[in-house]
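Look at the two complexes coming up: subunit A is in both, with subunit B in one and subunit C in the other.
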Partner chain A sequence: MEKAQFTSPWLPYLLLAPQMIIIAIFFLWPAAEAIRASFFLEDPFFGTATFVGLQNYSDAFAASDYQRTAWFTFVFVVLVSLISLGIGMMLAVSADRVLRGKGSYKTLLMWVYAIAPPVAGLIGVMLFDQHIGPLVEFVAYFGWDLQVGVDYWDTGFAMIVVATWKQVPYCFIFFLSGLQSIPTSVKEASAIDCRSETRRFWTITFPLLAPTTFFLLILNITYAMFETFGMIDQIVKDQPGNSPVTLVYKVFRDGFRGNDIGGSSAQSVILMILVLALTVAQFRLIERRIHYT
Partner chain B sequence: MTTLRIRNAIKQYPNGAQAVKGVSVDVEDGELVVFVGPSGCGKSTLLRMVAGLEEVTDGEIELNGRVVNNLEPADRNIAMVFQNYALYPHMSVRKNLAYGLKNRGTPSDEIDRKVEEAGALLQISEFLDRKPSQLSGGQRQRVAMGRAIVRNPAIFLFDEPLSNLDAKLRNQMRLEIKKLQRRLDTAAIYVTHDQVEAMTLADRIVVLNNGMVEQIGTPTEVYSRPATTFVASFIGAPPMNLIPGELSKGQLHIGAHSMPMNSAHAGPVTFGFRPERAHMNGAASGLAVEIGVIEELGAHRLIHGRVGDHEVTVAQDAELPPPDGRMMLAFNEQDTHLFDPDTGARV
Partner chain C sequence: MLRTTLMSAATAALVAGTANAQTEIVLWHAMGGQLGETVNALATQFNEAQSDFAITPVYKGGYEDTLTATIAAFRAGEQPNVVQVFDAGAATIIGAEGAVIPAEDLITGAGLAFNADDYIPGVRYFYADSSDKMVGMPFNSSTPILYYNVEALNEAGVEPPVTWEQFEEIAPALVEAGYVPLAQSHSPWIMTENFHSRHNLQFATNNNGFDGADGTEILVNNDAIKTHFTKLKEWLDAGWYGYYGAGWGDNQTPFENGDVAMWLGSSASFGGLRNSTDFEFSATFLPYWESITPEPVSTFIGGAALFAMSGHDDTENAGVAAFFDFLASAETQKFWHMETGYVPITQAAYDLTKESGYYEETPQAEVGTLQLTQAAADWNKGYRMGFYVQIRDVMNREYGRIFAGETDVESAFAVIEEEGNRLLERFAQTTN
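Moving on to the complex of A and B:
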């Protein structure tokens, strides 16, 4: 690659400046502020702050409420990530069988990618509506009195279903394109070498999808942890504190509803560290990732 | 003992295109049969029908006395080598070779032995633990062949296996495939669009055109007695010269020239002769050719010229003095070919 030479030593910094300023204003500054606030106990009425060291952190970890939320978040993230991966992969495998060599359908399917997430989110919430939700009516036939917003695990169930519902199209489209990039001749060679289709899937297709699966896993974890905020808000907004929420939502609730800025900041710093760890893990694995050429 | 019989095979794709229009071919034990023809003539389709990768619309594929039309590819006891190698990219060479054996429940010590054997035979022993992406094109080709031979199938199917290699490697691998096939004494079908490959490899050639068989025969037969004008112009480089003429009472008339022809046929014909089978006689009589461009190729030269409105090419030994202006051609009787101008069939 050709190296660009700048005549002035300042020019590259000038060109980078807009990006840097945005990062500084919207990320670095709030992050620094959160770290600072996490060491103080702030009085919401008088605006005075007392330095308390790590107390906000030890309080957070010690609170049974925090542990319960962390546990729910863990269950939520694991289930949403894995179920959407599983369903997305199953759908993609069936679609791939029909679509092999038919490019035009593939473009049509891309529409799912564009349309589904926002619409699906809305529909998903409506499905669980206590009065008009068809899913609530449906499970009632089986004697399940589904009470979203009242029963802790019923609410959790609804959140998991809606979050998964929104994420399946992403997984589907990435898996489909992963499947379509497996050469037909490789599939044919394996059909000659192995009679069982199931076995072919696990020995050829699945390993060849590994890079896609890994990418989607990270995407799903990030999504389930952070991007489900709006959906959770929609489900729990008028409900008392008994509903399950994720850690991110709890940061918001404790900080802005509970006015516990210090505690909320400590929690968000913990999340920041988690994201950092996730990112490092991702880069580590990408570096070692098997590239098939 | 392997015999493959293809009987009246027809393939119609779902979009209505008929790629194979009733082909019958037999492959005998240990025989290497080459399907040759221009791109799109249905060679690959026919081969893939034998492999079980394409459904047979009509007709029968019979392997060792058993109709295999409805058998899965894995159950047909065939092995295929693909043009783009089709190696499993996530497996080492060793695992690529072992995969088909493992899925057939071969004991692991036997797999190890067969893989080592095939590795030695194909000179890829030192690469057994590499991934396909760490190999050159030629090495990948060997792995693809290794994957076929470890299984010890009833028949090998090759679909243009050398066309992704450079010319030098292609010639070398061509020879190796032939040696390997002889040594294993296994029946094989080899698909190619390259007539040189077909001529050098084949025990018998099947010339295909537009989904139909034009001719089946040994390379010599196909070269020296082409059944149709298509075969005449497809096999041999440069191709056979074809000029329209008129046959009457044992005389062939081309323009003002006439020559005796031992044929009872009468009426318009297409007269064919190979560039390398025409003599220039110093005499004033013969088929007159107006000389155009001359190409020197070292051992021989190609003289391009015209007979009336028709382009012809004649090959001449480079030792001889090049002709000038105009030359007279004469032919041995057995080097002349007559075809029906309408059907293209030999008369």
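Moving on to the complex of A and C:
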């Protein structure tokens, strides 16, 4: 391979600059500001701040529902990430096999992705509404008195369903393109060697999809953790009450609803550390087992 | 070419001239939908009634969104002249000394008349400071009242309850008739804050918080309210009380559907109920426990007030004063009250509405005002607590847990007290 060399030592930095500036303005600066604010309690109007050391952190952990919120967040993230991966993969494999009308299947399956998150939340609210929700009426036939907003896990169930529903098409798109990039020769060779379609899937297709799966897993976790608070706000109708909420929703609630800038910053710094640790762990543990072609 | 330039210059001068003559005032509010239309109508009336000022109302989303937007704007030096802030946010904006000009100072400063006694008792002090000076201009004020389905009560052969003791007597008959006897839409506001005002119980130290954020502690962990919630849980288990979550609408819908016989809501819910129900309903005062007090007093208001933001020049402030004066006038209040269902804030406006015969047709519309004009006492002027949005969240969560059987009344109120006090302490640190 031919190596290209920049003529000026400054040129690469110059070309990188736009990206770096964007990262600095939209990520590094707010993150630094959050870390600073997490050590203060400030008057929202004047920004006059009192240094309180680690009090915001200790108060965040001392809240009686912190543990429960963290636990729900964990359950929520794991279930939403894995179920949407599973369903997305299943649908992609099935759609890949369809010979006639492939295009319309794909379009139909991708449609949901075009729905804006608040609208998805709103549709979820309607489907799970205590008084008029069709899904509530449906499960009532099986003796399940589903009460979103009253029962803790019923509400959690609704959130997981709506969040998953929204993420499945995204996984579907990536899995489908992943499947299409598997060379036909490999597929044909495996078809000659093995008759069992299930076995072929697990030994050939699944490992070849691993890079896509890993990529989607990280994206799904980020989605479930950070991008779902709008939907959660819709489902709890702005009054979390005794409903399960995620850690990010609490950051949003305390910061933007309650004007507790210090407390909300401390909570977001905790999340930042958590996500950092999670990402490092993912790359260390999982990525090593993946072979990129 | 030259001519066009001259022409446009002349036009520009003309436009600038008219703009200079009228001072623009901006109002940020949180009234969506039909209420927003009524706010626009008020602005139009004000703009047409005089020529010095032109007010522009801007809808900024819900109450919390409006407050957050105001804070961001204030820090950037771009704050509007007037902003609508809700009851739970009052401590935040009043606590930020210098951010607002007290309404009373603004009005008297502009040479207009102001007399606190013109305002009905329940409204007068809610947005005032510790020396009773009115800081926020009461705007949309409502109070919790009991709505009842007339047909349901007739079917059961019972009268609407005045006390909770009476409720316990009539509830079995309503269950017999096939109804859930009771629901309510806002546990912190109706069953907590106004439980304290109705029974004249102190709600927080430091004069219910009015004397300053430092050292203010919530006094919610008392026997009276714990007995009340023990009863509510018993009623829930007996099918006398329906709890449909913390959301307002989820609890109102079963009443509108005719499943629930009595519903505690806002006096301002009247207009909406009139459109959404197809049965005859009426309203009465918020019940009280005779065992706690034989003499109930007036309740707190809920809703929001208008605050004049500092940092504007005298001309604009004069415009805000004129607008406040216009809002408090009997005619405007009567219009606002009849359009929206919020209570008229002055005695004169109430009298004017009464004279018009409005209450003879719709006696339900008068209940809120009558309740607010009941006896004034030590602990029903209002309360002032910071981070109150979060304190209400804690209440809603713990109440939900009581009703779900996840905790008992005793521990729930201990948690509310402890977390409430921690939040109050944190808030006091922000105002230092």
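Heads up, the rule we're going with is that the second predicted complex is superposed on the first by the 204 of 293 C-alpha atoms of A that agree within 3 Å, B and C clash if a C-alpha of one lies under 4 Å from a C-alpha of the other, contacts with A are read in each partner's own complex, and residues count from 1 in each chain.
Note that a residue touches a chain if its C-beta (ideal position, glycine included) is under 8 Å from a C-beta of that chain, and two chains touch if they have at least 3 such contacts.
It should be emphasised that the depicted structure is a prediction, and the values quoted were computed from it without experimental measurement.
Enquirer: Name the contact category of A:I204: first (subunit B only), second (subunit C only), both, or neither.
Expert: The first partner, subunit B, only.
Enquirer: Where does A:V186 make contact in the superposed view: on subunit B (first), on subunit C (second), on both, or on neither?
Expert: After superposition on chain A, A:V186 lies in contact with subunit B alone.
Enquirer: With the two structures laid over each other on chain A, which partner does A:R195 touch: subunit B (first), subunit C (second), both, or neither?
Expert: Only subunit B; A:R195 stays clear of subunit C.
Enquirer: So in the superposed three-chain picture, is A:G53 touching just subunit B, just subunit C, both, or none of them (first/second/both/neither)?
Expert: neither
Enquirer: After the superposition on A, what does A:G86 contact: first (subunit B), second (subunit C), both or neither?
Expert: neither
Enquirer: Have a look at where A:D151 lands relative to subunit B and subunit C in the superposition and call it first, second, both or neither.
Expert: Only subunit C is touched by A:D151; subunit B is not.
Enquirer: On the A-aligned overlay, A:P134 touches which partner chain: subunit B = first, subunit C = second, or both, or neither?
Expert: After superposition on chain A, A:P134 lies in contact with neither partner.
Enquirer: In their complex, what parts of subunit C are in touch with subunit A?
Expert: It is residues 62, 64-65, 67-68, 71, 74-75, 89, 92-93, 95-96, 98-99, 243-250, 253-254, 257, 387, 389-390, 393, 396-401, 403-404, 406, 415, 418-419, 422, 426, 429-432 of subunit C that touch subunit A.
Enquirer: Of all residues in subunit B, which touch subunit A in the complex?
Expert: 51-53, 72-75, 78-80, 82-84, 86-90, 99-100, 103, 133, 147
Enquirer: Subunit C touches which residues of subunit A in the complex?
Expert: Subunit A reaches subunit C through residues 41-47, 50, 52, 59, 62-65, 130-131, 147-152, 236-243, 253-254, 256-260, 262-263.
Enquirer: Touching residues of subunit A toward subunit B in the complex: what are they?
Expert: Going through subunit A, the ones touching subunit B are 183, 185-186, 188-196, 199, 203-204, 207-208, 210, 290-293.
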